[in-house]
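The chains carry the letters A, B and C, assigned in the order they are written, with residues numbered from 1 in each.
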Amino acid sequence: MHIVYELNHEIQEEIEKIQNHLLLEVKNLSLTIERFGKGWTREHLYVIRDFHLKIHHGEVVAIVGASGSGKSLLADAILGIHPKNSIVDGMIKYENKLLTEKRRKRLRGNDILLIPQMTNALDPLMKVGKQVKTLMKQKSYQKSVKQIFQKVGLDPAVYDQIPSACSGGMIRKVFIAMALASEAKLIIADEPTNGLDDESIEEMLFQLKMLAKDNRGVIMITHDLEAAMKIADKIAVFYAGETVEVVDKKHLKKGGKFRHPYSRALWNALPQNGFIAIDSSQPSATEKLTGCSFAKQCPKATKKCNMEKPLLKEIGHDEMVRCFYAGM
Amino acid sequence: MTKWLGASMLECKNIGFYYNRSSWLFRNIHLSIERGEIVGIYGKSGSGKTTLAKIMANYLSPMEGEVLVDGEKSNFSEVYPVQLIWQHPEQAINPKWKLSKIFEEAKELDQEILSILGIKEEWLNRRAHELSGGELQRFCIARAFHPDTRYIIADEITSMFDAITQAQIWHALIWLVKERNIGVLAISHQIPLLERISDRLVDFNQLKAVRTE
Amino acid sequence: MKNQFLSIDFDNTNYKRRVLWKIIGLVCLFLLVALSGFWIGEEQLEANMGEKNLSPSLQHPFGTDWLGRDMFFRTLSGLHLSWKVGLFAAVISTAIALTLSLLSSVNHFFDSLVTMLIDLFLSIPHLVALILIAFVLGGGVKGIVIGIAFTHWPSLTRVLRAEILQIKSAEYVHVSRKLGKSRMWIIRHHYLPQLMPQLFVGFILLFPHAILHESAITFLGFGLSPEQPAIGIILSEAMKYLTMGMWWLVVFPGLSLIGMVVIFDALGNNLRKLLNPN
């Protein structure tokens, strides 16, 4: 009896370990670009200052931030394809092991896949179906690719077409098909709903959720808070190059509000909420920040906020906020 | 006589357009916008809303019908009184220009417009690639407020931006058009947004479906 | 726990600097050669029978020819002349290209006209056309300059026309028109700034063509008159003396000519790299 009990316990632990298996963990990520300013002076752009993220298998995590805040560079930084004149710093762990340059090269396109914003990322002269097929790991047939096409809502006949003959919507579906075909465990979608109408947005979100349900991790980078709230399990709010809040959807569903003043401002600005516009804009990437990055725009800022920089504080399970007076 | 009756309206009368003769994009479109009113129009992607916008701003000529501005149909070789603001500001500004040049183009540097739209002094010396989309769009909007502008067509002008930038831009735009009695046609796929900003809403698909005898 | 992922260095920004230094270096070299021609007086080019047929030495770095003329100065002088001819020809050719490309943007009719002209001129082998024009105009500097100018505008015109077509369809040009701007205004403020890089590079790259053609024509006897020390003349006359073993009469002028052409080419390419940071 005693022995059987112990065995069960071990299996339980194993199961829990796998479920809590972190797919990707990012801590203190920063990206600084050096470029020439006026004339020959050198300028430093602190595009990403302090970024944190955690994602598990089967989870959708949305990174929400203002347009032009450097969100797209996040994808590049994680994938290691940032511009030549930049320095990346910080810790990234993939499947609990450090992500070194060498490992990244191996994983890029295989385990970690990027769904780009631009629909011109495909080879314009190669048949669409063939391009999807090349991503499949095992020996594959046209049939299996066509099956994937059906899953994403594409006519199997699209297999033989070339990208220029396809509409933007079709190409977006091809990207999803590629993600399915590749068996990539982590998928980063860069602004997947930008410029789309309501119907297309719903469809795209559905596809992304489908990918997650297939036990992959999906990181969705977007400025659309609404879209994020529809499918994300966790929302990481990004402001002035920093993660200012990570909130669990369950908290929001229970009627909880966002904790950071910027997140609240973003929420209140939505037309279906208050349509309230706070009066100001993000600090520029060249500014060196003292104190809280949001202090100048925050309605609740105090002297402390202007002088001291708040650190990301963990609140409960996987939630964080960067504010001295969070939730108050 | 008719001039008085038709005054103060941007009218689309029986507009029809096609890209190839076999399939009309739309036909028999009737739409009118009064000075000082904001009309919101929504519809599916690709249904022809942008094409209609271009026709109303005189970038395209319709195959059928006509557009009357305050009762007149003229080529207006000077400033066209209906100004169109595009969805992608980075394409609507010459990348080699210093941004201050845009005001040289629009003839007057109206300080009020600059401050309402939140355009910072230091931006004027920059080039387009140095600013974000939201900042650029403010320039495009300011440019549209030429003293001779009577109507503005805003084609998905904030759909690429986050909620805060969108709210800021629309608040400023609405203040300006109400103050100057400018009529606005706002195109967007976001119905909650249109409900906030418009005086009345129009469904483009319904507009297309209407047939007059 | 921090991990340093130091990416590749800040190479991109240094690249710009390096290209710029290359250009400055080339320009200095070029100016040295080209402008020196202004200072070469009659004495250096004088015949000096006492010193004829000397092989290269410290006193005469390029040797002397059968008339005792110092080859170094003769070569420099020749290069200077070639450069002047090249300048005129390039200026006229570029002006033609700019005018025609702007003309083609007016409307469909003019566009077809210009395109037809381009195709016409491109189909004629230009050395033949060049010789014909130079001959008809009676040779000399005038013949050469006009001949080169009128045979080299097509390719630049094609490039400029393509650029204009692209700019024309840009949204910001449409907006300018609706703000009441005239065609001249649009050309001046939208087209020209975008065309400048191509125009400049095209202009610079025309030089090597002009110079080589001028030498070729002169060598063949259709171009400049024998009294002027053009490289072509130098080379053609030197041919007779090759068999006598006076290799320096051909090698140095020839190398200098090639050298000058290479400088221009490199200048053009580096300028293109600088102006087009992609």
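For the reader, a short list of remarks on this structure follows.
One rule holds in what follows: a residue touches a chain if its C-beta (ideal position, glycine included) is under 8 Å from a C-beta of that chain, and two chains touch if they have at least 3 such contacts.
Keep in mind that what you see is a predicted model, and the values were worked out from it rather than measured.
Chains joined by the most contact pairs: A-B.
Among the remaining chains, the Cα-based centre furthest from that of subunit B is the centre of C. The mean-CA centres of subunit A and subunit C are about 53 angstrom from one another, to the nearest whole unit.
The mean-CA centres of subunit A and subunit B are about 34 angstrom from one another, to the nearest whole unit.
Note: centroid distance subunit B to subunit C, computed from Cα atoms, is 49 Å. Those residues of subunit B that touch subunit C in the complex are listed here as 57-59, 77-80, 83-84, 86, 88, 91-94, 96-97, 101, 105-106, 143, 146.
If you check the complex, the residues on subunit C that touch subunit B are 170-172, 174-176, 178-181, 189-190, 193-194. By the touch criterion given at the top, residues 65-68, 194-200, 223-225, 265-267, 269-272, 275-279, 281 of subunit A touch subunit B in their complex. Considering their complex, residues 44-45, 87, 118, 132-135, 156, 159-168, 170-171, 189-193, 195-197 of subunit B touch subunit A.
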